[in-house]
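Same chain, two partners: chain A is paired with chain B first, then with chain C.
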Partner chain A sequence: MAWLETLVNGAFLGGLYGLLGIGLALVFGVMRLVNIAHGEFMVLAAYLAVILVSLFPQVHPLFVLIPVVLAAFAVGYLYQAVIMNRVARAPDPLAPLLLTFGVSIVLRNLMVEVFGADVRSLQLGELSRASLNLFGLSIGVMPLLTLVAAVLLFLLLQWALKRTQFGRIVRATADRRDIVRLFGVKPDRVYNYVMGLSLALGAIGGVLLAVRSSFTPFSGVERLLIAFEVVVLGGIGSFWGALLGGIVLGMAQLAGLKWDANAGLLYAHLLFFVMLLIRPAGLVASKA
Partner chain B sequence: MTLLEVAGLDVFHGDLQAIFGLDFSVAEREAVALVGANGAGKTTFLRALVGLIDSKRGNVRFDGGDIAATPAESIARLGLCMVPEGRMLFDTLTVEENLLMGQVSQRSGSWNLRRVFDLFPALEERRNHMPRQLSGGQQQMVAIGRALMCNPRLLLCDEISLGLAPVMVEQIYRAFADIRTEGTALVLVEQDVKRAASASDRIYCLLKGRVSLAASAGDVSLNELTQAYFGM
Partner chain C sequence: MKGIAISYAVIAALIAAGPLVLGEGALRFSTECLLILAMAQMWNLLAGYAGLVSFGHQVFVGLGAYGLFLISDTFDLSPYWVLPVAPLAGAVVAAVIALPLFRLREAYFSIAMWVFSEIVAALVMKASWLGGTSGLPLKSSRLVDLDWFEPMLFWVSGVLALGTMGGLFLLMRSGFGLGLMSVRDNDLAAMSVGVDVRRNRFIVFVLSAAGCGLAGAVSFLGNLYVSPAAAFDVNWVVYMMFIVMIGGIGTLEGPIIGTAIFFGLRELITDQLGISAGWYLVALGTVGVVVMLWSPRGIWPPLRDRFGLKLLSVGRTAPATAELAPVSGKAGQLG
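Coming up: the complex of A and B.
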């Protein structure tokens, strides 16, 4: 029973990990760009949430997600429009990669400068401790809510990409960025929206993760690593694969912790390594 | 009334000049054939017209307005649309979604999904297929339908019969008659000179980036054309 509880909690954590990966997968799928700074942007969103919570203590902490997500979208839009689009057409794929790497370093050091290197976390009060009893399993309310939110967001993103004109334009731009111009689409602007969406999703993941575990300006790297593993484990380009990959990683992490309390993310990384050897194409090997 | 007027157009690929002082015009409702050997500059010329190639100089007027420096995404909204060489469909979109991409330019007019399916009934049965599951001819129909959904005033068609079965080519050229009754002007780029001439009012021949012949399609003799085509 205790093991089952661990696995269920691992699945809840995995929904959150899926959220960390989905933004990265979206940007890679549409622009063939690996955004190394994704983790730093998630941490930045967490800092913004902490600041807002301390400024408005009477507002429930979960409501700060709304302004944080909007801000993250705006930051993503500007990040792409002002910086990334300059190299998006570079014939050398290394140029955009290095640029995002540089941005991640700058952001990390700016955060140390502005917020200091102290460990922070986001306190939710009652809600973080609340739990309910289901079929004899003790289940945290907040982790359950997180998984539900992740699944809803995945469904919403899937719907937006498959069923709306915006989604058609995004997929068509991913296919042929020159040809969409013949139909009045500005590919650079599509990229701006996609990066905004990516960082907005990342911000939700970053804030919810800050409720679970503390962070510093240097936490971006860990978060990026999880996001990478989620995307590769699930199968590059597959959104549902990312959710599945996240859940598998979350279970491996919690099971590993139960086995060896000092293990941290070791067993999750080991599982990733083994999966990379036996199934390098990912759990869901398809294009979405 | 002249719809498209090109005067003294030079187009460059990097340091190399591909088009030299080209003069070209299309009247409203007219069909014009543009023929020439491989490498004569036909595709380069079309890509420059719709704004996909920026390094050019000269005069390009469409519907009275100067479009020489207009970016591709704005040119589509003016009603100058292209069926690109090699079809260039969106591979991860279904047939219907590919067609709907033509509507993004938001030009009003008589073309919609219904009319495109009436023109190419084969597409309606396959509306939820992916382009790769279609035959070459059907893919070409999707490419033409997608451009028609923009409600073009002038439709540029680049090598649409290349690599297709003769039956398919026949079927597609029959559709051009319907397209023209809507008042759409056409530019047909072809390597098949006879086919292009029979479907057009006038014919231009390109040779090494220059116009080697411009004549009314009815008057031109095969001899003249051969000479203009090969430069001999």
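Coming up: the complex of A and C.
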């Protein structure tokens, strides 16, 4: 029973991991760009949430998500407009990759200098500790809510990309950035919105993860590696694969921790590496 | 070519005489510069010439260091004699992981290397026979004459840096190097004339791992102590990358300029201005980002083209018939 509980909790954590991955996957899918600074932006969002909570203690901590997500969208828009669009057209894929890596180093060390290297976390009071009893399993309310939120966001994003005008423009730009110009679409501006959306999704993941576990300015590396593993495990380009990949990773991590308490992310990383060997195309083979 | 050989000999003589001229602090600083230059050149070989950007090269630094410490202590051998183990450790591991990792392209390769490095670091931290999280002291250090320790390290680093530069120069002038550079400039065209891209990448990956293994081993030999947090520190690859990125990726001269800027900036910020190492990394990253936005291939290529500089040019003179066609400056120069 204890093992079942671990796996269920792993699945809840995995929903969150799926959320970390989807922002990275969105940017890769549309711009063919891996944003190495994605993890640092998530941690930045978590710091912003911690600051807002301490500034407005009378507001429920979950409501700070609204300003944080809006700020993350604005930061993403500017990041793409000011920096990334300048190299997006470079024929050489090295330049954008190195550039985002450079940005991640700057952000990480700025956070160390500004916020200090202390361990932080976001406290939700009673909600963090509340739990339900379902079929004899003790299940945390917050992890359950996180998984539900992740699934809802996945559905929302899929609907937006499939059914709305904005989604059609994004998909068209991803396919042929030169052709969409003929229809009056400015690819650079689409990229700005997509990066904003990606960082907004990352901010939700970053804040919710900060509720679950503590963070430092160095946590961005861990967050990026998880996000990346989720995307590769799920199958590059597969939407629901990312959620599935996240759940598998979350289960591997918690099962590993149960067996070996100071393993950290080792077993999640190992699982990823083994999967890379036996199923390089991912859990859900991509058709796109 | 003659000029290069002469300046190479002069630099070699300077390095040989270094310990006689330099004080203890300056000697240690120069050793560090030479080692970092060698590592950056190895990263450059992989990224600039084979198009494989690795964010996990710190794993080879750590493997080299642990390989040296472990073998030297186990067999009670002088660490100098065990040094060849370090590049071997890097090369063997690189050869084994190349197969699965080469399935991934571009950024996916980069991050998978990083994940691999994290796995190795976590496993080393768990291994009590490797000292766990606290690391290993070099017990065989008593076999070393401590009066000559710093000069020896300096000379080894000098040989390594010069060997790397000379080796890469000769490599780039060989047929193999020509193949590498053709892939760098246009992989499709290179494959169509029969360049085996996969084989080239494999050789370069193994070579670059071996070089980083040796440089890492010498670096930690200087401390007489190795810990997993320092050996598998992601900052190793951050340094290599910034040096190459700022100086000029895919050129032999670029990393020399990059190393000068890297250490110049560090001395200026942490020594002269007394500001913390964190701000130094912020400054380094900002310089890197600005350089990338201004010139995506680093500082050296625009300087070279603008002033017609030829430092370590590996370009060849085109055959006589090529003079008939209007050849732009860039196409004539392969280096």
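In this section, the second predicted complex is superposed on the first by the 286 of 288 C-alpha atoms of A that agree within 3 Å, B and C clash if a C-alpha of one lies under 4 Å from a C-alpha of the other, contacts with A are read in each partner's own complex, and residues count from 1 in each chain.
As a convention for this text, a residue touches a chain if its C-beta (ideal position, glycine included) is under 8 Å from a C-beta of that chain, and two chains touch if they have at least 3 such contacts.
Just so it is clear, the model here is predicted, and its values are computed rather than measured.
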- Message: Looking at A:181 after the superposition, I want to know if it touches chain B, chain C, both of them or none. Which is it: first, second, both, neither?
- Response: first
- Task: Using the superposition on chain A described above, determine whether A:99 touches chain B (first), chain C (second), both, or neither.
- Result: second
- In the overlay, answer first, second, both or neither for which of chain B and chain C A:171 touches. first
- Task: Decide which partner touches more residues of chain A, taking chain B and chain C as the two options.
- Result: C
- Query: What residues on chain A does chain C touch that chain B touches too?
  - Reply: none
- Message: Taking the touch rule as given, give the residues of chain A at its contact with chain B in the complex, in rising order.
- Response: 165, 168-169, 171-172, 174-176, 178-186, 287
- In the complex, chain A touches chain C at residues 28, 33-34, 36, 83, 86-87, 90, 92-95, 97-99, 101-103, 105-106, 108-110, 112-113, 221, 224-225, 228-229, 232, 236, 263-266, 269-270, 272-273, 276-277, 280
- Along chain B, where are the residues that touch chain A in the complex? 50-52, 71-74, 76-77, 81-82, 84, 88, 90-93, 97-98, 100-102, 104-106, 146-147, 150
- Task: Could you please specify the touching residues of chain C with respect to chain A in the complex?
- Result: 47, 51, 53, 55, 100, 103-104, 106-108, 110-112, 114-116, 118-119, 122-123, 126, 234, 238, 241-242, 245, 249, 276, 278-279, 281-282, 284-286, 288-289, 292-293, 296-297
